[in-house]
Amino acid sequence: MSLHFAALLRRHGLLVAFALFLALVAVQAEAFLTPSNVLDVLRQVSIIGMMALGVTFVVVAGRLDLSVGSMLTLLTVIVVDRTNAFGPGLAILVTLLAGLAAGAWNGLLVGVFRLNALIVTLAMLSFLQGLTLAYSGGSNVNVADGTTWFAAFGRGSLWGIPAPVVIFALSAAVLAFVLKRTRFGRAIFAVGGNETAATYSGIDARLVVFAAYCLSGLTTAIAAIIMGSRVMGAQNTIGQGYELTVLAGVILGGTSLLGGSGSIGRTVLGVAMLGFIQNGLLLMGYPYYVQWLVTWGIIILAVWIDLGAKRGRILA
Amino acid sequence: QDAAPEWLGGALKKPLSETRIGITVLYPGSNAYQAKYAETAEAYTAELGLDATVMDPQGDPATQFNQIQDMSSQNMDAIVVWPTSQNALIPAIGGASRAGIPVITSNSPIGEGGRRYVAAHTGPDDCIQAEQSAEMLGEALGGSGEIVVVEGTPGYTVSILRKNCFLDRLADAYPDVTILESQPADWNRERAQTVMETFLTKYGDEIDGVYAFDDGMGLGVVSALKGAGKQPGDVKVVTCNQFGEGWDQMREGWMTGTNKQSPVDDAILAIQTAVKVANGIEVPETQKIDTPKVTPDNVDAFERPSW
Amino acid sequence: MTTPILTVAGITKTFPGVRALSDVSFDVRPGEVHALVGENGAGKSTLMKVLAGLHQPDAGRIVHHGREVAIASPLDARTRGILLIHQELSLSPELSVAENIYLGAWPTNRFGILRKRAMREAAAAALEALGCDFGPDVRVGTLSIARQQMVEIARAQAFNANLVIFDEPTASLTEAERAQLFATVAQLRSQGVGIVYISHKMDEIFSITDRITVLRDGTVQGTVETAATDVDSITRMMIGRDLSSYFHRARADFGEETLGIEGLHVPGLVHGVDLSVRAGEVLGLYGLVGAGRSELVEAIFGIRRASAGRMRWRGREIPLPTPRQAVDLGLALVPESRKEQGLVLGLGGRDNITLPHLARFSTLGVMRPGAETRVFDRFRDELSIKTTGPDQPVGLLSGGNQQKFVLAKWLCAEPRLVILDEPTRGIDVGSKSAIHELIAGLAEQGLAVIVISSEMPEVLGVSHRILTMADRRITGSFTGDEMTEETLIGAVSAGPAALPSAAE
Amino acid sequence: MSVAETPRRAVAAGDWIMRNHIWVFLALTVAVFSFASPYFLTVNNLGNLLTQGAFIGILAVGMTLVILNGEIDLSVGATLALSCALAIGLQTSIGTWPAVIAALLAGAGLGLLNGLVVALSGMHSFVVTLGALIGIRGLVFVYTGENALMVEDFAYTEIAEVYLGPLSLTALVFFGLAAAFQWLLTNTRHGRETYAVGDNVAAAHDAGINVKRHKIVNFTICGTMAAVAGILLSMRLGTAEPNAGRIWELWTIIAVVLGGTRLSGGYGSLWMTVGGVLTLAVLRNGLRLLNTPNYVELMVMGGVLLLALALDRALLTREGAR
């Protein structure tokens, strides 16, 4: 009982620290907590956030996905290029399928053939970079027709809320439900927590991991659609380094890299924290390198605090 | 193909098909200009019938260093380098030059210390471009105002030149233009948009002008301006190096100034110079390609860039 | 009376939320084997970890060789001659035998460079003294469990230990290996070493120990001379009541065949096994560790892919199932290792119970938490599981309670056939008898049951029929009066590589 | 015991190949490229190749120790950049060699910091060094003010221009360090305990091995190696680029894993790592010589990585036990 209470307190400690940070920045930069800035930040993190949703499933299943950054690049190039070729509807379909296919490939190698996730997805990172260059011939692509409804995903809004935020929030809600309340979600936790035991319970761990990667490919495809629409174009470097930011967001939320624990809510919190930290530091006018230093400190501090809260949860 | 092309101005020492030229281009994967440059280099060398290689060091000086070394050990007839770094490549270029292989730097020059190893330099001048941008922005603002700057990936030569030359020129010519803030967006259009959105939140209507290091980021800036409900011309956006989409935006009034730089001309000049040097034909130490200013007034006089 | 090697007095140790030891006192004399017994979670391992320097006590004194000491670390314990041989082996599989023997205390010269030759020779001597059949250079990962245990014991030899603690050493040993271990224990004892021996197996306790100390809920119930007591009184001290009858055999009331297997073959692991079990029947599967029993049932359950074999399920010929299909058919496999195969330690009891039956507790893929909680509550009450709630991670529970969750997980979906692989390994006598009762109950409800056990009395006590396995084949089938210790031993040790029968 | 050893000798060769499959792979790639490009097997090219590979190689030496320990270090690229910058930037104020030493100390210090945070907090090193990867890069920019720093005296770049036959100083340092640390791994207590910790932490801890100390020491070594690579890079380039070493940490990890060292720790060697590093260098150099377009190179690298992983897995399953 007391153990739970203490853990709860310390977990709130993380939130309190975050709230303190928000307050601190708000004092320094009055624009920080205005609704328009908050919406801005949410819109900015919605791409990273969208990807982090799928990656959370992968991480809870005890694996890693470092290929999402270059996957985002490729899929953004595809969605923009295909919009020009087929129009938005078909382009979006193609992109979703391509994302699914890329995720399925990762899932096949990691889930079914049980190869090391770090290396497989690193290889995929390199491979997709090459594929992007081969596909685009190295040049930027732009949406030719500026008036297409494709623009709605990145630039539109619904009841005053930016479309990316709406998409992200809806996806987060759906996926949070999937992870917490469905058979698939339960299987993800079981596989991440103890793959052997899951197998002995009749759960096909290979299929579950495969599905997690497919989901990660799918959320990355949605992120790419938002990205393509926000930018109305694509660049061959547009997703470069995003894999680490995504992972940082997931970890910051407190999802353990060892698998078997974590939640979508925490990932959303982690990603939002990253976004607000960056936005806050930018608003306070710190040079980018100071932002990096602060990010370093915050990642370590936040994970440390979180770990403290979880300690002793499971006997060693 | 063995007849000497007209532009050569001399005789071929050996057939073009036996002339081996290595080209290493900063980071073609990263933007349209470089991609077009690399593409042109491939196409043009093929057209000439040269035995040529185009390489991509992905912006990493150490990799480019290796590439130059590898090309030297293959005894290329000439090497064209679009350097990733002003100084880091000097030892490699020195090595090539000692091995008797002429090196042409293209687009950006290398540092003073290495100039003596370089047979020739061709290309636009990033510094002049940045100065032009400072002039166009200062002028558009009528000599005073407050601006923000959206930088490329910090630490690379182009970024450094486009920053320092801009700042120097602005301070000289328009001391009343003040810089509110400067943040990098890594040549990334989406990040440029994010950075600009934050600037708008922070400074609101205080911002009179924006300088973005390239047109791609400039487009991100314009997206942010549109998102904030600005009208064309409310905020003066000046960039370097116009892209096709930037040309459209300029005609719509969103862009205030930039300059034209042709990757096609850039690549062709470098290759021609390399072929000349390989055949022992005298070339000027530096050959510049023009980077005329482009403003809404004269934009229609330029063709829409295809990159 | 000789002075004790070690005396502990008033040791108390609490973990967050648990008082594992309170005011524990006992002593170990040179040349004695001192048994430590108690229910699961009584605190035996914790007490030994305190002696081995892995835990620091909250209160109490430890007197070693007449001097009061504080045992700061495992290395400290070892340099004092106190050595713990863990319940779970504690070796580095990639390192050599010699390196493992001296792990943490490798001899080095002044510059920190290993004196490999010296280490090797000393290790070889220690192995020789114990009569081991492997050398100091072998990689430990390639050795069998029993040999790995010998490596740990060789540590005691090499460090001239004066107190050696065995924590459930025989859990995964064959009879022959067990006999070898007892010989080693006798050898150490004759050297004047004090030995603490933890086990749940009463026959072992009574055959090799000199004194017995009983722990219950972290307190000492008493220390008695082994010769002056018997199993029943020790059991009473452990669980606080009489254990009426030790084994329960179900009424023999068989129905139709539930499962039939023919010619099941798993390359290298199971060779041509035929087997049949009827509703209401308890089929014992006896064999020595390594005979292939686990592999056989894993193949039936679809965890291992069989290369050949036919399966009949309730009168119908069916293809060999995948684990998923097996569960859906109504097969249940309670695996031998609950921590690795049985439970997801980070999940709560409720989620563990329903894990194999997610479809049953969901509608259109969405879980129904209410239904899950109801099942959880039912089994918590039925099996009297000690847990704070449906979400308490099962990793926090003691071994016995974990095992009950594994059982609950497999019983909640009313299976037709339950396979139990070593269901009582590491389980105290009280819980053991509860599990035997449960097995009998299942059969009487008309389920078919297969029980794997390496404990002869257990198989004999609960089964209607016994199959013996040796060398990955079925070697015999026994019913009624044929089921005796002699016939079973004969059947599992038949063949050219007959093992010396264990001293029982 | 000889009974147990005799059949072992018979399978020793097979066992050797299983444990050193990377060298077979390397021989294969060398053969392919020698056939495909006339420039590949020239002394000059091989010399270049070794020098080029040596930077990742030196990082990989440190990384191997950390991985054997069961940890990972994502910050080596950034540390390399910082040391590179310090080695050059400090020369004017404190002189060449003191600057080099300061750069080494900075690398060691950052490694120590990583090690301390990992050991004392119990966090996953992936997280800790992911943070450091971002933060240390920030330090580089703080120090360089985002400009590339250049040596005043180009004599500095000649320090590394020492050759032993085709072997440059950098390559020699790499091989020297690999050999030295291999010796350390097999012959010293720290080395063997590094394996013990990576193999089975619980066993190592229970045996009284100071797990934390070993992790701290190995992270410090890893940071120091990054500094060594950084210093050599500063000598090679004469310049400190603030972006030097970007994504090199990934190449380093790839080289180590390609060699066959197990990512979860406890198994591997520097001998394997050298094989992995050389294979990577040969592939990159060979593909360049063949004038493969960049995107093909990227795809081939991805493919080779998978191939090596699959090979490793295939051999592992054959080996059975683990």
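As written, the chains take the letters A, B, C and D, and residue 1 is the first residue of each chain.
Note that in this section a contact is a pair of C-beta atoms (placed from the backbone, for glycine too) under 8 Å apart; a residue touches a chain by one contact, two chains touch by 3 or more.
Chain identities (UniProt): A = Ribose ABC transporter permease; C = Sugar ABC transporter ATP-binding protein; D = Sugar ABC transporter permease.
Bear in mind that the values here come from a model prediction, so they are computed numbers and not experimental data.
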Chain at maximum distance from chain B, centres defined as averaged CA atoms: C
Whole-Å gap between the CA centroids of chain B and chain C: 71
Inter-chain centre distance, chain C versus chain D - centres from mean C-alpha coordinates, in Å: 43
Distance from the mean Cα position of chain D to that of chain A, given in whole angstrom: 30
Inter-chain centre distance, chain B versus chain D - centres from mean C-alpha coordinates, in Å: 35
Junction residues of chain A - those touching two or more other chains: 129, 132-133, 287-288
Multi-chain contact residues (two or more partners), chain B: 28-29, 154
All touching chain pairs, where touch follows the definition stated at the start: A-B, A-C, A-D, B-D, C-D
Complex contact set, residues of chain C against chain A: 16-17, 301, 303, 322-324, 326-328, 333, 335, 340-347, 351, 354-356, 358-359, 362, 365-367, 369, 388, 393, 395-396, 409
Residue numbers on chain B that touch chain D, as the complex places them: 28-29, 53-56, 58-62, 65-67, 69-70, 73-74, 85-91, 111, 113, 153-157, 159-160
Chain D - residues contacting chain C, complex: 1-5, 187-190, 192-193, 195-196, 199-200, 202-209, 266-267, 321-322
Of chain A, residues touching chain D in the complex: 109, 113-116, 118-120, 122-134, 244, 247-248, 251, 256-258, 287-293, 295-297, 299-300, 303-304, 307, 311, 316
Contact footprint of chain D on chain C as seen in their complex: 52-54, 73-76, 78, 84, 86, 89-95, 99, 103-106, 108, 112-114, 116, 133-135, 137-138, 141-142
